[in-house]
Amino acid sequence: MKTAVYPGSFDPVTYGHIDIIERAAETFDKVVVLVSINSAKSALFSLDERVTMLQQAVREFGNVEIASFDGLVIEYCRQHGIHTIVRGLRAVTDFEYELQIAQTNRELSQDHVDTVFLTTDLRYSYLSSSIVKEIASYNGNIQPCVPEFVARAVYAKFGFAEVEAK
Amino acid sequence: MKTAVYPGSFDPVTYGHIDIIERAAETFDKVVVLVSINSAKSALFSLDERVTMLQQAVREFGNVEIASFDGLVIEYCRQHGIHTIVRGLRAVTDFEYELQIAQTNRELSQDHVDTVFLTTDLRYSYLSSSIVKEIASYNGNIQPCVPEFVARAVYAKFGFAEVEAK
Amino acid sequence: MKTAVYPGSFDPVTYGHIDIIERAAETFDKVVVLVSINSAKSALFSLDERVTMLQQAVREFGNVEIASFDGLVIEYCRQHGIHTIVRGLRAVTDFEYELQIAQTNRELSQDHVDTVFLTTDLRYSYLSSSIVKEIASYNGNIQPCVPEFVARAVYAKFGFAEVEAK
Amino acid sequence: MKTAVYPGSFDPVTYGHIDIIERAAETFDKVVVLVSINSAKSALFSLDERVTMLQQAVREFGNVEIASFDGLVIEYCRQHGIHTIVRGLRAVTDFEYELQIAQTNRELSQDHVDTVFLTTDLRYSYLSSSIVKEIASYNGNIQPCVPEFVARAVYAKFGFAEVEAK
Amino acid sequence: MKTAVYPGSFDPVTYGHIDIIERAAETFDKVVVLVSINSAKSALFSLDERVTMLQQAVREFGNVEIASFDGLVIEYCRQHGIHTIVRGLRAVTDFEYELQIAQTNRELSQDHVDTVFLTTDLRYSYLSSSIVKEIASYNGNIQPCVPEFVARAVYAKFGFAEVEAK
Amino acid sequence: MKTAVYPGSFDPVTYGHIDIIERAAETFDKVVVLVSINSAKSALFSLDERVTMLQQAVREFGNVEIASFDGLVIEYCRQHGIHTIVRGLRAVTDFEYELQIAQTNRELSQDHVDTVFLTTDLRYSYLSSSIVKEIASYNGNIQPCVPEFVARAVYAKFGFAEVEAK
């Protein structure tokens, strides 16, 4: 059985992430969405909130589970006997950085962990968690970017009572 | 009448910005230079200082005005019935980021606001406000980068009495 | 009145081109779509066929006209008093090449002709005339890429009786 | 069972291709290496020669087979019920082109065929069939680039009696 | 005699840096590795620690010396009559930024200081000081990335008693 | 004494090439401009014409000589005991291709030949021999791109009696 790990911050999960999760779920037998506990970057949502939103977002996919880990992704892979990391690609700047991380992981795992890249649907190619948060901070419309239950949670963090209706 | 908005931080305005403003002023009937009030990034100059320097820098262009706005650029466009955003392009890294922002703005405005990209003169293709500030912080020569009245203001912020004469 | 030239081979016109023409028609008072007579590249369609297909494709836009020219685009601009070239951008490789052409045109016209870049709708960001022709050569489905009357003409060139219906 | 297609010209197969085939064979249950019959590009080796060299090169991998097809890759996928295309990535220029092809294939297959990207080992990131042929045409040393039986075949095509021994 | 300056933060020195230093030492008569005193970025190692580690790392190269400077690199060049800056290149994102800095330095030095770019060995093309620090912060294995005496120093900073032995 | 080889087609030499030659001549003790005899690409000028134009173009530089070679650049380096290749960089697309060639040369020479990259003056960053030829084929103005004696030779090849005077 081929299992793949899809690591990220998911702060919060967007339609772009969900698109990659769906594609990975079709390509591999099982997909573990791994929420990184990154103390360096200050997150808008707590680890628990991010995991809970992801669980709701992937409910419909039978072969996807959510996990979190405080350490290097390749260490998680080693502990769980997983050999494949999945990453989404949107643009050239992404690609360079992702390629660097992929090569580092391959070196550090002594060639036992490989990274496969999937590309998002064109509709979501502009999306990122950062842009969602920036738009929401001005009470802009984030409904094309995230599921409604995520939108409500994001607006609440910025003190807006409900989803705007412009 | 075709009006375009040219948004940015302008902290401070450089010859690169002025070059784009001049090109935009020749391409469109009217250009609004929109200074963003970005509380996240700590600026060297106050909003008032940035607006005042811009006003002096564009004095010679008859169809350019300076404005500021605390919100999303597309919200400003919606309120003022403007359909075109102008952005300057220098390099690939710029391009990827700018393309992402342009697509986001188009999606969020439901296709009513489009972004047109202009390229700077080759002489200014290396310029950015950040580089100007870094050079000035070491009392380096920023006179090829900004008008003299801007240079004096930047040196003053870093505690240098006057424009260096190396 | 602001007029812009949109030059290209249009061999044949695709939905990506039509998207840029529509955006240019909203941004400028008048748009001239200029079909280049490039003897170097062997075209699938004759100049007349390319012009005729473009005329049908832009019929609905009131401020767009089709022209052809055997020479440099900036020479056409000089002869017709036009100062703006429009180009569509899809990707980084595009961008580098387009930037090179834009700077060349600016230099050669002594700064009298500037290039503005528009970005295509995400749905068409993968499209090019070359890909359309390659797919059609295998009797693949090009209906998501070009108007139906163009599709029929392309299939005919490759000896396929009608639009495939897979 | 997850099957992936790895399409290409393989004119001739290089260590870079073999590296991707090995990674794909570890990631998927079965891998079909699909040699394209591209009449447009003039190949150094005949289709039969390319298939035979590939068969020898992948002999050690139990779940890899070689096939050829005269048509679009997605048509091959449709006929064989395959949903995954594998492609190797080396550089940014690659990436842009590959991304364009991947999006086209997804659109044309109505989202039934997805592309996953694998990255080559750093040692082979500079390699391509074209570079191998250019070096060999000057009787340069291609032994770091291709298996020895391939090197002999390439030198023979260029009229060199045997592998050079500089 | 041709002298070149190789500036950087070296926080800490990696095998990638050492590879560039070795190549520069073969290309130029003398190489000065210039450690920048950048108060803006918070460094893991003090200036003294960084200089000491570099001195140990370049011990074997006869024509390399270590220096530090609180100012612009071109000002150091001016004071010491040096006309060449060396920089290592790994990726496109690097390249754009480095090109911008190179052009700025050339402009500010009135064309008296030029930048030459060297590329790292493929084995080190994924390496950066930031990645080394991130891996080490999780007690990951950084031995493929830095000399052993550097690895020990990095682990000590993160409170790990010794080099891990996974 | 440090000698560097600057290889290329130089069909014809442009101000961009001359700029790189000048920078290389300042950086190294001696520079050999190596005109490649590439039978694959059809050149506008014969090898003799290209060498003669280069000789005239570099007359003022005391430490530059022109040579030609029918083989791989690294083979020329091996025969003449040279360890450095110089290449000019303009853009990202250039960079990727150049990096690939540089790594290939390093591998094939067993690490004895390294490539250093210089960047052209911003004024020439848009220039290439191909663009010069395309402009001249339409009797466009190439005087900002090449020395006058080169311009006359290019116009003559396209059957234009003299340098245009628009």
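Chains: A, B, C, D, E and F, in written order; residue numbering restarts at 1 for each.
Convention: a contact is a pair of C-beta atoms (placed from the backbone, for glycine too) under 8 Å apart; a residue touches a chain by one contact, two chains touch by 3 or more.
Just so you know, these numbers come straight off a predicted model, no measurement behind them.
A.B. asks: If you apply the touch rule, which chains end up adjacent to both chain A and chain F?
C.D. replies: Of all the chains present, those in contact with both chain A and chain F are B, C, D, E.
A.B. asks: According to the touch definition, list the chains common to the neighbour sets of chain A and chain B.
C.D. replies: A chain counts here if it touches both chain A and chain B, which gives C, E.
A.B. asks: Please identify which chain has its centre, taken as the mean of its CA atoms, farthest from the centre of chain A.
C.D. replies: F
A.B. asks: Fitting on CA atoms only, what is the rotation between the copies chain E and chain F? Please report it in degrees, nearest 5.
C.D. replies: Value: 180 degrees, nearest 5.
A.B. asks: Compare the two sides of the chain B and chain C interface and say whether they are made mostly of the same residue numbers, over half shared, or of different ones.
C.D. replies: Looking at both copies, the contact residues mostly coincide.
A.B. asks: Between chain D and chain E, tell me the centre distance in angstrom, where each centre is the average of that chain's C-alpha atoms.
C.D. replies: From the centre of chain D to the centre of chain E is 38 Å.
A.B. asks: Taking the mean of the CA coordinates per chain, how far is chain A from chain E in Å?
C.D. replies: 33
A.B. asks: Out of chain E, which residues touch more than one other chain, so two or more?
C.D. replies: Correct list: 92-93, 96, 99, 103, 122, 125-126.
A.B. asks: Quick one: which chain pairs are touching?
C.D. replies: According to the stated criterion, the contacting chain pairs are A-B, A-C, A-D, A-E, B-C, B-E, B-F, C-D, C-F, D-E, D-F, E-F.
A.B. asks: In the complex formed with chain D, which residues of chain A make contact?
C.D. replies: Residues of chain A touching chain D: 2, 23, 26-29, 83-84, 89, 92, 95-96, 99, 102-103, 106, 114-119, 121-122.
A.B. asks: Under the definition above, what is the set of chain C residues touching chain F in their complex?
C.D. replies: Residue list for chain C touching chain F: 71-72, 74-75, 92-93, 96-97, 99-101, 103-104, 107-108.
A.B. asks: Which of the residues in chain D come into contact with chain F in the complex?
C.D. replies: Per the touch definition, chain D meets chain F at residues 90-93, 125-128, 131, 135, 138, 140-141, 144.
A.B. asks: Quick one: in the complex, what on chain A touches chain C?
C.D. replies: 92, 122-123, 125-126
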